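Data block below; observations after.
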Amino acid sequence: MTGDISQTAPILELDHVGKAFGIVVALQDISIAVRPGEVHCLLGDNGAGKSTLIKMLAGVHQPTSGEMRVDGVPTVFDNPRQALDKGIATVFQDLAMIPLMSITRNFFLGREPTRGRFITRRLDMKKANEIVHDELNRMGINVRDPEQAVGTLSGGERQCVAIARAVYHGARVLILDEPTSALGVHQASIVLRYIAQARSRGIGVVFITHNIHHAYPIGDVFTLLNRGRVHGTFRKAEITETEVLELMAGRRDLQHLQAELARIPAAAPPGAAAH
Amino acid sequence: MTGDISQTAPILELDHVGKAFGIVVALQDISIAVRPGEVHCLLGDNGAGKSTLIKMLAGVHQPTSGEMRVDGVPTVFDNPRQALDKGIATVFQDLAMIPLMSITRNFFLGREPTRGRFITRRLDMKKANEIVHDELNRMGINVRDPEQAVGTLSGGERQCVAIARAVYHGARVLILDEPTSALGVHQASIVLRYIAQARSRGIGVVFITHNIHHAYPIGDVFTLLNRGRVHGTFRKAEITETEVLELMAGRRDLQHLQAELARIPAAAPPGAAAH
Amino acid sequence: AVAPAAAQVKKPQDVRIVFVTHGQANDNYWTVVKNGMKAASDALGVKVDYQAPASFDVVKMGQMIEAATASSPDGLVVSIPDATALEAPIKAAKAAGIPVVVIDSGEDQVKPWGLDLFVGGGSEYQNGLKSGEILGEAGVKEAVCVNHEVGNVSQDQRCQGLSDGLAKSGGKTDVIAVTLDPTDATRRIEGYMASHPNVDGMMMLGTTLAGPILQMLDERGLGGKLKIGAYDISPEVLDAISSGKMLFTIDSQQYLMGYLPVVLLAGKAMYKTLPTEAVRTGPSIITKAEAGAVKSLSEEGIR
Amino acid sequence: MTMGTAVPAEPHSPQMQPSRMRRLVSRALRRPELGALGATIFVFAAFGLTAGGSGLFSVLGITNFLQVSAQLGILAAAVALLMIGGEFDLSLGSMIGFSGIVIGLCVTEFGLPLWVGILAAFAAAVLVGTANGILVMRTNLPSFIVTLAGYFVLRGLSLAVTRTLTGRTQIPYITKGADEPFVIWLFGGKFATGLFQWLGNIGIIPLRPDGVPIVQGLPMSVAWWLAITALATWVLVRTRFGNWIFAVGGDLQAARNVGVPVARVKILLFIATACSAALFATIQVLEAGSADTLRGTQKEFEAVIAAVIGGNLLSGGYGSAIGAMFGSLVFGTVEMGIFYTGIDSDWFMVFLGLMVLIAVLFNNYVRRKATEGR
Amino acid sequence: MTMGTAVPAEPHSPQMQPSRMRRLVSRALRRPELGALGATIFVFAAFGLTAGGSGLFSVLGITNFLQVSAQLGILAAAVALLMIGGEFDLSLGSMIGFSGIVIGLCVTEFGLPLWVGILAAFAAAVLVGTANGILVMRTNLPSFIVTLAGYFVLRGLSLAVTRTLTGRTQIPYITKGADEPFVIWLFGGKFATGLFQWLGNIGIIPLRPDGVPIVQGLPMSVAWWLAITALATWVLVRTRFGNWIFAVGGDLQAARNVGVPVARVKILLFIATACSAALFATIQVLEAGSADTLRGTQKEFEAVIAAVIGGNLLSGGYGSAIGAMFGSLVFGTVEMGIFYTGIDSDWFMVFLGLMVLIAVLFNNYVRRKATEGR
């Protein structure tokens, strides 16, 4: 845990930032930095404030105290559009999809490809459909029809669309709030590969997950949130997988936890016992 | 893979059941059985039809072909209420919560505890609040105020409420559609313990997850769905963890998958490499 | 059933006459017009249709006149609340060869547009003027005009007439805008009276609100203080006039506006006859002397 | 900076566990009716300043705007429940006219006693409400369009039937021959008459020449208003059914999935709304003594306005009956208050619109301050 | 049975990959306007049976109901976009009255040319639309209540200003002295006059005694109706802005989160709606030659009905402008058609309500069959 000053300059920085909803203080005194080419894992229990934190980075919420800096310049995002314009793309935990709209229209919402100019400027739906079809195929999702309403997709399919969209549009920072939670084994591995690719392109990634098997292989920096406060930031070199798991469990007694997990198969059902 | 006839009689059975949405065939020729005191894991890729299947069990969708039997009696659930009345409680993938309503009111929705009789019959909010507070505490969730709107909870907190509700009300069958997807390590382990407890009480459990570390320790029977069809049902005794993982990956080449996962840390970022 | 069939150009059962007016079917005034129309149609055995926009809407009315023209009736009966807006459709009907009779309002347009006949009372403004003069004679210094349709030209003209008529004897007039809801209307009037204690006269522009208003005045002990006039008649108004709670009401005998055009236009279709001069049905002022006599007729919807 | 220090996790940071007191306050501030209360206070203050001396706040003036608010409030309470349940009822106004006609025809044409007529009106309301509800639930059509049919059909039926039977569009003298003082008092009478007589005797209320105070009591509609608001609030806050109303309005699919009998809830709400229309009509008929096919025009609209001013969400799932009560009070007071300010009647609508907007903005401001500020 | 057999996974089960043809058909069947088309066909069939020989389907009759539908349709197209965007505009009807008054006053009181008056009306519309939009977005209040203020204020202003300036509430003879034939033709004239004269000459349209066919052409409002529907459809289906409209109506928060400029979209929608009211007013003023403070009453309501009949969702996020066109056609045809069937006008509203309901039920039935059946 030594301060390493020689690193690349951060793209995004939070400096003693806090966020309150009325009397509920969701975040307090948060300082983190997102650097290019680095995967920054946010760890923490349910309700620790991870989603609230990334919503500030994405321009959905505005901090109630402290300062946010983009490329070192103090910035306030009034809305997510401004964050997007700075190249910060986000996969929100609730996915931010319009159920009644088609996959393609959701995919390009706010960033529609157009054809022609001035008065004849129009959506290029053919191209858009093709892009969507290809991008989803790359993720192992085979949609019947890109003009199908998103509301009829399965939970995992919908999440894939949201990830593909963010990856496609994300230019400098990619924020992923539990992107793999609803994904199958195959799709999840593809998403992890995507993250690795983004990192190697020099994109800064903020990655939230509760799955140690997703977090440890890909993360470079791990920040633990607990009840709205930062409880430590660690580089991968300084920490083992077990320690990360301990962080993820909110520093609860891991022994206890593992004992518990071990107990489970022991409680075999009467039916199974009759075997 | 021998037929074992001596088992306990199933509570729920699907017999060559199919479901179509307009021209989209989501399920076809499905036959499964849910037995008391048994955890039945549904595995399958994203979009395989797992949620559609459990929605039929829960009375949300009606089969378009085939027969469903409860305790051996052919049954059609017109709505989820009828399933609930038979003791079948479900945690839906979209959680089925009303965001503007309080935690307590959501928890007891449709099963409200009342006090007094006839004209003076009223909600027993005090008792309800206490129950909710205790149940959530048991799951490791510390809500500030059970009268807080569900819409202000974090994704994981919300999922815990839905699980606690189903466990509390589920009398004979508990259906859980990716209940641990948004949960922290601690909360997830508690949910697994709950499932084990339910099993030992003789409750039949249907459990959907994409996490092998959650599925294998607890599952007694594994059914693989693929593109709307059952591709095999296996008892735990007949199958290893790796085989289950292979099933979960949709029988894709596991070697390939593991190679892929292994490749990820290799693609270390320039920043990290400078360390 | 009137004349030997042999002489007829057209049989009564083939005759169809269409009314298009600006009065809603559920307005008390126009319902009497309709009753007259119905009576004439039953008597002669001719077919009549009545059509009016659901709310005061002259454009819709123009479109209805066009629709009527399209169904090529043997006669068209219209009211003209807005001459500019209705000029084109009415002239088009006339041009299509349909005889047009004007009722209620629009006497001034009959000659210039080459229409066939006018059947109705005096102009709204003239009636209003008359009401003002009567109230003035009764000693009213400060009157209110209870208008349930602010913005409707004919109602506005009645209030304007009242104001000018009362001004002749030095009185002044205020308009109270109300709705047709009896509670709203009575409470507003009550509020107005409370803050304007000098009001001593009132004109109601219809009978719909008469009952509730009179009751409210009684309750507040204002009953005898006010000199009240109204337009149109209803059993309640007539009773009030008989018992002296109200002074008078202005009746246009609108039953005739429904009855006569049917008879006359049927005559036109069957015998090619039509009067040449306007038929005046009003205004007739009903006071205590006549009130009792017409009450039972009013209950039947004839007056 | 990147390398943080691991601080031991505090089990309870003080900010995350606000005190019981603050929690109670914050809970009170979260109530939907709070903003409406603010708007009410604002409206009274505004009229206190501009129309203070004009009699608006005299006994007569108060009775006056209370009566207007009360009648609207009876509708608004039911409409608020329906709105929380996520539906509309456009046929409300027509149902008022229709109920009045049913009572009138029963009494004057068929010679039945008043109470039978009233029962018939309520029976009709139950029928119409059931039809609305079943149609909405069966067809999945928006209630806007289903009840629109009722809007036209009921208004048309009132007219056609009345004209066929009586040749007119008004039915006068409904209460004249009736020998049912209790029924008339219950819906169209006054209460607290003793109090008002006493107030008159001690000189607080001016007396008429015949010794009767100019205001003889509060209209029964005020009592009905309070009773129905209390009932609606009880149902919403304290019963299972109330819980279900919030649920079906908040998320119909989720409510169905957890076992709420959604169809039953919505049908009952439509019935309640239609019955409030019948009650409104009964009160007006017994107060005015007559029925008219045009009664109730636009009331569906005003009731929704009152409910929305009172903080009920148009999109359903949130609101309160007490809010609707304040909303009716705001609307009724503004409507009557403008009269006392002596504004020219041509400008009436301009001021009505502005006052409603300002009241709602104030409502909004109060609610926002309460839930977000600090 | 429990012990299944592992079947090799088929890469493409045939049911999961419907043919291209079926996909196209299913896509067409998913269009929101399909049901409205069904309803339109139903209405025409119904009137063809009951009023076939009465002149409804003569050239004059067709022109007549087309004109009624066209005027409504101009509003309905804009209202459909606004509804898809998740908002309402109650001030629409008042805006019609107000625009007409603006044109009338400019011409008759201030002596300005007609086109300046029309420009002024549109400028007023842009202002009102902007105000509505900004208020809705700034305050987060439901548009119902914000535009309600406009509903009262604009109607009141029309009345008060007109009366102050002219002493009346009607402004006649607006087009009388105007020497602007093009402007008058553009909004209040007729097109396809040559065609109709020719049809008259060859005897398809009856001629008047003076040799002119009884219908001289289609009113320009029909051309405006088609043009505006086409424009609205283009915007919805083919532009980014259209995409944004669906998004803000479908889920405001999600749309904002992916970077849609929600405030701009909604404000523009309110402006478009107000402008459609100004266009409607211009057409009526130039056709009728007069303005009246009461014009446009209830049009906000009729436009919403037309849009809903046309398959637009009241809750936003789904619908089409072509659907709104069919909806207006259904409403206009029913309204005028009943007249030709010779039904007693007392029963008019009853039948109007039933026809609207049946049309919508039919719409619903068609849509359901199309998307779910098979």
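Going by the order they are written in, the chains are A, B, C, D and E; count residues from 1 in each one.
The working rule: a residue touches a chain if its C-beta (ideal position, glycine included) is under 8 Å from a C-beta of that chain, and two chains touch if they have at least 3 such contacts.
Everything numeric in this text was worked out from a predicted model, so none of it was measured.
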Label of the chain whose CA centroid is most distant from the centroid of subunit E: B
Dominant interface by contact count, named by its two chains: A-B
Most distant chain from subunit A by Cα centroid: C
Where subunit C and subunit E are represented by their mean Cα positions, the distance between them in whole Å: 34
Subunit B and subunit C: spacing of chain centres that average the CA atoms, whole Å: 72
Chain centre separation (subunit A, subunit D; CA means) in Å: 47
Whole-Å gap between the CA centroids of subunit A and subunit E: 44
Residues of subunit B touching at least two other chains: 7, 21, 24, 94, 144, 235, 250
Where subunit C touches two or more other chains at once, by residue number: 25, 34, 150
For subunit E, residues that touch 2 or more chains besides their own: 16, 18, 159, 344, 346, 348-349
Subunit C-facing residues of subunit D, complex: 54-56, 58, 60-61, 64-65, 67-68, 71, 155, 158-159, 163, 166-170, 172-173, 208-210, 212, 214, 216, 284, 287-290, 292-299, 335-336, 339-340, 342, 345-346, 348
Subunit E residues within the subunit D interface of the complex: 139-142, 144-146, 148-153, 155-157, 159-160, 163-164, 304-305, 308-309, 313-315, 344, 346-354, 356-357, 360-361, 364
Residues on subunit C engaged by subunit E in the complex (per definition of touch): 25, 34, 47, 49-52, 54-60, 62-64, 66-72, 82-88, 92, 95-97, 150-153, 156
Subunit A-touching residues of subunit E, taken from the complex the two chains share: 16-18, 23, 27, 234, 238-240, 242-244, 246-247, 250-251, 253-261, 317-318
In the complex with subunit A, residue positions of subunit B that touch it: 6-8, 21, 24, 35-39, 44-47, 50-51, 93-94, 140-141, 144, 152-157, 159-160, 178, 181-189, 192-193, 196-197, 199-200, 202, 210-213, 217-218, 220, 235-237, 245, 248-250, 252, 257, 260-261, 263-265, 267-272, 274-275
